[in-house]
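Before we start, here is the structure in question, set down as structure tokens.
In order of appearance the chains are A, B and C, and numbering begins at 1 in each one.
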Amino acid sequence: MNYILHLLIMIGIYMILSYGLNLVVGFGGLLSLCHAVFYGIGAYACTLLMMKCGLPFLPAILLTILITGICALIVGFPALRFRGDSFVIVTLGFQMIVFTVLYNWVDLTRGPYGIPGIPRPVIAGYEFTTLPEYLIIVWTFLILIAVVLFIIYKSPFGLALKALRDNEMAAEGLGKSPVHLFLYAFVISGMTASVAGGLYATYVTYIDPTSFTLDESIFLLTVLLVGGTGNRIGPFVGTVFMILLPEALRFLGMPDAVAANARQMIYGLTLILLMFFRPQGIAGKYMVR
Amino acid sequence: MTLLLQLILNGIVNAAIYSLLAVGFGLVYRSLRFFYIAFGAVYIVASYAVFALANMAGLPLLVSIILGLLIGAISGVVMDKSVYLPLEKRSASTGVLFIASLGIYILVVNLVALFFGNEVKILSMGIEPSFSIGTLVVTRMQVVQFFVGWIVVIGFWFIIRKNNLMKGIWAMGETPDLVVVLGLPYKFMRMLVFALSSVFAGIASLLTALDVGIDPHVGMHALLTGAVAVLVGGVDVYRGWIGGAVLLAVLQSIAVWQFSARWNDLITFGILIITLLFRPQGLFSPKRRREER
Amino acid sequence: MRTEGLKIKNLSKAMNGLKIVDRVTATFLPGRITALVGPNGAGKTTLFHLITGELKPDMGEIFYRKKKIAGLPPYKVARNGIGRLFQDVRVFENLTVFENVASACYSERSETPWFPFLHIKGLRSFNRDIADRVMFWLEFGGLADLKDTPASSLSYGQQKILAITRIMAAGFSILLLDEPTAGLNPVMIKRVLNILKKIIKEDKSKTIVLVEHNMSVVTEVADWVYFMNEGRISFFGRTDHVLGDQEVREIYLGL
């Protein structure tokens, strides 16, 4: 039972991440390899605000969103001058840089030692500690964020992003500013990821930089591409598939030592097969460029 | 002062290996114009092949190395034939190729890890002898890295300067259709590109692995080093690839001197982003990018 | 009514050492269809690129409504009221016909991410207004039956009509049309020409600049013609006049 609750919590956190990333990848058509950066900044910012500044959970999360939004602005402004491969590479560069900072700025982040003993969220005097309680808080945030994102997906802004994705020159010729629109999308996507970061940190109560590596960014992109981008169902399908797949392997009785590699191999194989047979993802319509 | 000189010396040795990586990555990136992530997979294949042949099967080291490079080359060509070429035939976008390439990388790395384990494997036994020049110290392996690396990279430069086939490969990156129209052997050239790229990766990999050993996850770093060198130096000129590699190696050494090796990635990717922003064609490339989108 | 139009002065652009557009001076007036003709490679598309800001001119100025617009980024040029049909059409392939047109109807303000949250109450009527406008323009272009079709599955001719409808819906007052009839069958050409005539008849403030290789199309709809060759404007005059000129016929038609 606990095991299932744990899985549901992780699915909730990853759904927040992939719905946010969807705005940049699915709507904007830009393959970003630094989503884990904002996930990580969110986790660290929330943790430090709670532990060093003694803020309660909700104000800490709000400030975290703000801080991460500013970081996304700083990263996005130069990165969004690029398209295609160059954009992927520049975001990858930022991913490596931010990881290096998280890892080596020991005074702030304790670097490789990580930060243990992160307090659980307390909201209106009520502490969320048990798994069912935590499930409620994660999914509440998920629903809130999903509602906001769905409104954005459906808004004129969402349509403008899709227009830019399909043909940037034509969309710009209709008066849409790629710089502004892509930057908005990038910042919103970073902000939602930071909420996932804060939830993750207070859930596992211990963070270190290795949770926010390039591999994690690649995984997040994979989740989205497997599910399908640019719509509302894709991120859900991708998250459920990618999180439950390794668990299914465990039930097949694979030893743990082998299971990690076998799981990764299946991810790799999935990506290749997907690009051959369904480049738009399981539940997607739009094909990556 | 001695420390700085020592670090610069290390930088020059590293530059030889970085150049190999840059040429390996650049060959595919320049001629086929897609971001070849599986380069990181090819990189580890050669070293693990040598490990299996020499340390497990007990073949002589030299024979193992030659066979290992061959296996690396074959693996590169097989990847192309089984994934990239078919995808390209469906006129897949660069994004699709990128993701497929990522898939191959993940698959191969974990396949290798499944067989050989995730921990570091040591290829050579014993303590490396070292020499001192004045106050500076070099190990025998560093001497080998320096000479093998630079001879291969510079030798290759002489070959492509003289050889028509290589000009054809260069033309592939400009106008792929033209190659077919001109009746050049597109498939053969493509195979050659992947084989050569894999050999460069293999040499770099072995030079490193014989020194410090290998684990399945170092390929990504090798790939990124090669890619950054090419992009910083300039995709369109061979001397740019080498220039980028040397610059990267020397700057990393200086960074080690000033700060600490832990900040190396910050330097590497900082340079990359700054170059792409302010000189997108690369530092050593004279040509400006086309204006129109 | 003040007739201002689009004025181009001494516009030049060189690429790879070649002068693609060479000191071009021209005026395009409202209420008219002005054709820009010339052989392949004359620099017509490049001139459009310069006007819409895809390329920055080396020299010269572009005036529109007393404003200098040369060198502005494309989206700012568009917001000044200058729209363009690209030679390679460029519809939004993954969007439906309806969405293609809708994307042209939204104002800059409504395309901010916070817009729906600030206008939760009025959102429904806002959407209805937009839908009405989109349908109006789809009727105008004769595409109403296809409104839910993805743009990628339209025929080439339908895509061109969609692209023209899109810039009409956006309300541009200057329309730069790069070969609207190229590659279309006679029936489609007829439809496109009818749309153009309708535009100019219904709204005298619209300026249409037409790049065209098909001479019968030019004679049918254009009032004035600029003849462009090797980057320069070499002739300007009434349509029959320019097309009747011996030198033009030699350069262009090989007669």
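Here is the rule we go by: contacts are C-beta pairs under 8 Å (C-beta built on N, C-alpha and C of every residue); 3 or more make two chains touch, one makes a residue touch a chain.
Quantities reported herein were computed from a predicted structural model and do not represent experimental measurements.
S.K.: Give me the step distance from chain A to chain B, shortest route via touching chains only.
M.R.: The distance in steps between these two chains is 1.
S.K.: Please name the chain that ends up farthest from chain C once chain centres are defined by their CA atoms averaged.
M.R.: B
S.K.: Closest chain to the protein CA centroid?
M.R.: Of the chains present, the most centrally placed is A.
S.K.: Which two chains does the highest number of contacting C-beta pairs join?
M.R.: Result: the chain pair A-B has the most contacts.
S.K.: Can you give the whole-Å distance between the Cα centres of chain A and chain B?
M.R.: The computed centroid separation for chain A versus chain B comes out at 31 Å.
S.K.: Between chain B and chain C, tell me the centre distance in angstrom, where each centre is the average of that chain's C-alpha atoms.
M.R.: Each chain's C-alpha centroid was found; their separation is 48 Å.
S.K.: Between chain A and chain C, what is the gap in Å from one C-alpha centre to the other?
M.R.: 41
S.K.: Tell me, which residues of chain A touch at least two other chains?
M.R.: Those would be 169.
S.K.: Among all residues of chain B, which ones touch two or more of the remaining chains?
M.R.: In chain B, the residues touching two or more other chains are 293.
S.K.: Where in chain C do residues touch at least two different other chains?
M.R.: Where chain C meets two or more other chains at a single residue, that happens at 54.
S.K.: Would you tell me which residues of chain A are touching chain B in their complex?
M.R.: Interface residues on chain A, with respect to chain B: 31, 78, 81-82, 84-86, 88-90, 92-94, 96-97, 99-101, 103-104, 168-169, 214, 218, 225, 258, 261-262, 264-265, 267-272, 274-276, 279, 287-289.
S.K.: Give every residue of chain A touching chain C within the complex, in rising order.
M.R.: Interface residues on chain A, with respect to chain C: 148, 151-152, 154-157, 159-160, 162-163, 165-167, 169-178, 181, 184-185, 188, 230, 285-286.
S.K.: If we count contacts the way the header does, which residues on chain C are in touch with chain A in the complex?
M.R.: So the residues of chain C in touch with chain A come to 52, 54, 73-75, 78-79, 83-84, 86, 90-95, 99, 102-104, 106, 108, 110-113, 115-117, 163, 166-167, 170.
S.K.: Which residues of chain B touch chain A in the complex?
M.R.: Residues of chain B touching chain A: 34-35, 83, 86-87, 92-100, 102-111, 113-114, 118, 220, 224, 227, 231, 260, 262-266, 268-270, 272-273, 276-277, 280, 293.
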